[in-house]
Amino acid sequence: MTTTSARQTVFEELVIATKILLHEGILDTFGHISARDPEDPNAFFLAQKLAPSHITTGDIQRFNLEGETEDNRPSYLERYIHSEIYKARPDVNCVLHSHSPAVLPYCFTDQPLKPVTHMGAFMGEAVPVYEIRDKHGDATDLFGGGHDVCADIAEALGDQTVVLMARHGVVNVGNSVREVVFRAFYTEQEAKALTAGLSVGNVKYLSPGEVKTAGKLVGAQIDRGWDHWTMTLRQAGLLK
Amino acid sequence: MTTTSARQTVFEELVIATKILLHEGILDTFGHISARDPEDPNAFFLAQKLAPSHITTGDIQRFNLEGETEDNRPSYLERYIHSEIYKARPDVNCVLHSHSPAVLPYCFTDQPLKPVTHMGAFMGEAVPVYEIRDKHGDATDLFGGGHDVCADIAEALGDQTVVLMARHGVVNVGNSVREVVFRAFYTEQEAKALTAGLSVGNVKYLSPGEVKTAGKLVGAQIDRGWDHWTMTLRQAGLLK
Amino acid sequence: MTTTSARQTVFEELVIATKILLHEGILDTFGHISARDPEDPNAFFLAQKLAPSHITTGDIQRFNLEGETEDNRPSYLERYIHSEIYKARPDVNCVLHSHSPAVLPYCFTDQPLKPVTHMGAFMGEAVPVYEIRDKHGDATDLFGGGHDVCADIAEALGDQTVVLMARHGVVNVGNSVREVVFRAFYTEQEAKALTAGLSVGNVKYLSPGEVKTAGKLVGAQIDRGWDHWTMTLRQAGLLK
Amino acid sequence: MTTTSARQTVFEELVIATKILLHEGILDTFGHISARDPEDPNAFFLAQKLAPSHITTGDIQRFNLEGETEDNRPSYLERYIHSEIYKARPDVNCVLHSHSPAVLPYCFTDQPLKPVTHMGAFMGEAVPVYEIRDKHGDATDLFGGGHDVCADIAEALGDQTVVLMARHGVVNVGNSVREVVFRAFYTEQEAKALTAGLSVGNVKYLSPGEVKTAGKLVGAQIDRGWDHWTMTLRQAGLLK
């Protein structure tokens, strides 16, 4: 593999994205973000199996869309979540799996996660939930460790931007690393606001028309988010 | 434009206010604070379109009350929220738009935000909510991007100090930058306390008389807040 | 006034206590902690009117039990909360007034604050609430600014360790500065736990016997708390 | 006692574990973590009576399974919680007692703490609660200060990994210091998620089969957690 300038940018953005997501409380000891190879749509980049806080550009591995790599270092068991989504969704260039804390309640209750402010319009009218019990019964490890389960996660995602894995966590997708960081941050914020809102009164969700119109508007502001979070990292001494 | 000493003070206070509001969690990647030109009531100052954490005194633009500027750098799309309020409210010298997180639930539920301690008396008996659907239907971008919507926001604000924008965010106004920072902080605190209070028992809100009497008292303590928050910034290495 | 070594210790403990209470989120821009003069039970020490983050040993003023001082610098308007409690409670050597955030919901709802773990046993079976409306009607400033209101606060406190001021805040008292810091921290913790507990199930409060027995035990551990919080300040670079 | 290399590793891990648990908000001024002597199953190591933030390897004391030590420095009164569990559970090599804040509501309500994501599978189908009132009435100090109470806590724990002490706190056990840190962190996270989940909808807990299968999977990732939290400590300047 030649490390072109476009690939180098992706490696650096994956490392910075991991730092941002850690610092903003979306990732902790688990979770991982990947990006499609800008030189080859049939491959993607993902760090080797490490705690997110340890990842550097030297840890990035290259996978094909079956989740196979020639890198001999250990790989995340959940890499098929990434590979199956890249296979099913040619428009997706970045995938994040996390246990985003404020989103978790929507992974194990019957309350759907729906947008309550314009910032969450990208989530669509409601976030789908992948229920592993439907096909695999109630004695699984709840994990996205195999091709079949992960193909089903990709199917549950459909053409949306977020899918929840029942009693496990969250998957965000987008067109770029920056977009996915933005969406992950605001998925968490929307979930936090909705949880508070449900405890104070009757919730008025975004209408289908608002979801559509506001989604376009907010999507244009992604670099502003990236500028802000990288500044925050620098102020905390976590980025040069 | 001559940079008089009064204007220079306003520029510096806008930058410090932005840092305080970021550090206290009122702003994140979005939101902006403006101030009326102390030399000309028909103009106001607002930073160019940037993530709040990037703003310096060099980024301040000057607008007339139609939201027009001669500065060629990009401007916030939501500047009309500011211009229409300065037009409607000659007593207002500072306007803040934010997505203050604890206040958001009151932007998308039927629960009114009302003061529960003396610190929130400035909010009046209840905070008005601007519902964009009333005039513009339910397929808008929920945004304050045009003169007409923003004139309606100013109308919904009336003679109060805070107005909520349905499914979007918050606008605080006041007589000075320091007063608006103080009010933004305590709007957030009151909302946080009310959300917890609603989950533990029956709430006894401030009475109309208490709103009136306590509001005067607390309003005299604004510099103490400013002194505190700037000290906090210095301790965090974010202000010299 | 001679600055004896006992007085100097009190001055330093008041400053450190203020830093701890700020750092642990009990104080913000408001609130103040005082201590009885170790050389004269008819006097007490309290900082001049400043944001808590600005206070040094040079800011301490001396008051008699009418809340009068010979110090010409501005004094807190709420000093009578302190003076009236020292007058009514000879056993009390330290008084703290705060807007302790997790406790606020119990200042404006009908839900009593009662201990739920052994750490809160010092609060007694239930924390009394001073309701200013009972004597003064519903158009006051909700403030403890006069002798009469503050004498009533002291009366509402009775022989307990905490009293809430309706729609305003909290008063903690104790035998020493260290004890009051300890109690303020655990009043906040107990309130936080109770708020969460009320939302998940039926609460089993401490019994009268547990309040009595556990209170004695925990009270012996106060210096451990002080050692911990001062270490935390030093690690944050806020104390030498 | 000879300080073998295995013992030295345990001492260092106990100190680092204490720092991690403080930094992650599981411990505050109270709580303690111990480890069985790797050279002698009839002994264990626990720091002398200190605020957790003060503990160094020089503070570790050695106890037999009756909770007796030859070290003359003060010992924690609650050491019998540790000794009785080591006696009853030969498989346990580490015991932690804490007042883990998000777990407290499950110590004083009738709502059982049950796992809601795969990360909490180690907790079993439901976390047992030790109710001191059952044998000792309702006028105790709620404390684990004696052999008999602590033997009952060990009995309530049974063959599980967590036990709650009614109106007091939490005990986590495991095979190693690293495993207990991991479990303590995720006990807190699961409790936080469950509290939010109970307020938003009907909760779907892990099934018995998921508890069993997911528990095995997650248990293999313990070093990743340790790597992450020690990195976090280093970034905060709290570990070299």
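Labels for the chains are A, B, C and D, by order of writing; each one numbers its residues from 1.
One rule holds for everything that comes next: a contact is a pair of C-beta atoms (placed from the backbone, for glycine too) under 8 Å apart; a residue touches a chain by one contact, two chains touch by 3 or more.
For clarity, every value in this text was computed on a predicted model and none was experimentally measured.
Student: If you check the contacts of chain A and chain D, which chains show up for both?
Tutor: Of all the chains present, none is in contact with both chain A and chain D.
Student: Overlay chain B and chain D by their C-alpha atoms and let me know the rotation angle in degrees, rounded to the nearest 5.
Tutor: In degrees, rounded to 5: 180.
Student: For the two copies chain D and chain C, is the contact made of the same residues on each side, with over half of the numbers shared, or of different residues?
Tutor: Because under half of the interface numbers appear in both copies, chain D and chain C meet with different residues.
Student: How many angstrom between the C-alpha centroids of chain D and chain B?
Tutor: That pair's centroid distance is 45 Å.
Student: So, what's the distance in Å between the C-alpha centres of chain C and chain B?
Tutor: The mean C-alpha positions of chain B and chain C differ by 32 Å.
Student: Which positions in chain D are in touch with at least two other chains?
Tutor: Within chain D, the residues that touch at least two other chains are 199.
Student: Which of line, ring, star, complete or other matches the graph of chains that touch?
Tutor: It is a ring, because the chains touch in a row that closes back on itself.
Student: Pairwise, which chains touch?
Tutor: A-B, A-D, B-C, C-D
Student: Which part of chain D faces chain A closely enough to touch in the complex?
Tutor: Residue list for chain D touching chain A: 116-119, 121, 185, 189, 192-193, 196-197, 199-210, 212-214, 216-217, 221, 224-225, 227-229, 231-232, 235.
Student: For the complex, which residues does chain D have touching chain C?
Tutor: For this pair, the touching residues of chain D are 28-30, 49-54, 99, 101-102, 104-111, 133, 137-143, 145, 166-169, 194-195, 198-199, 237-238.
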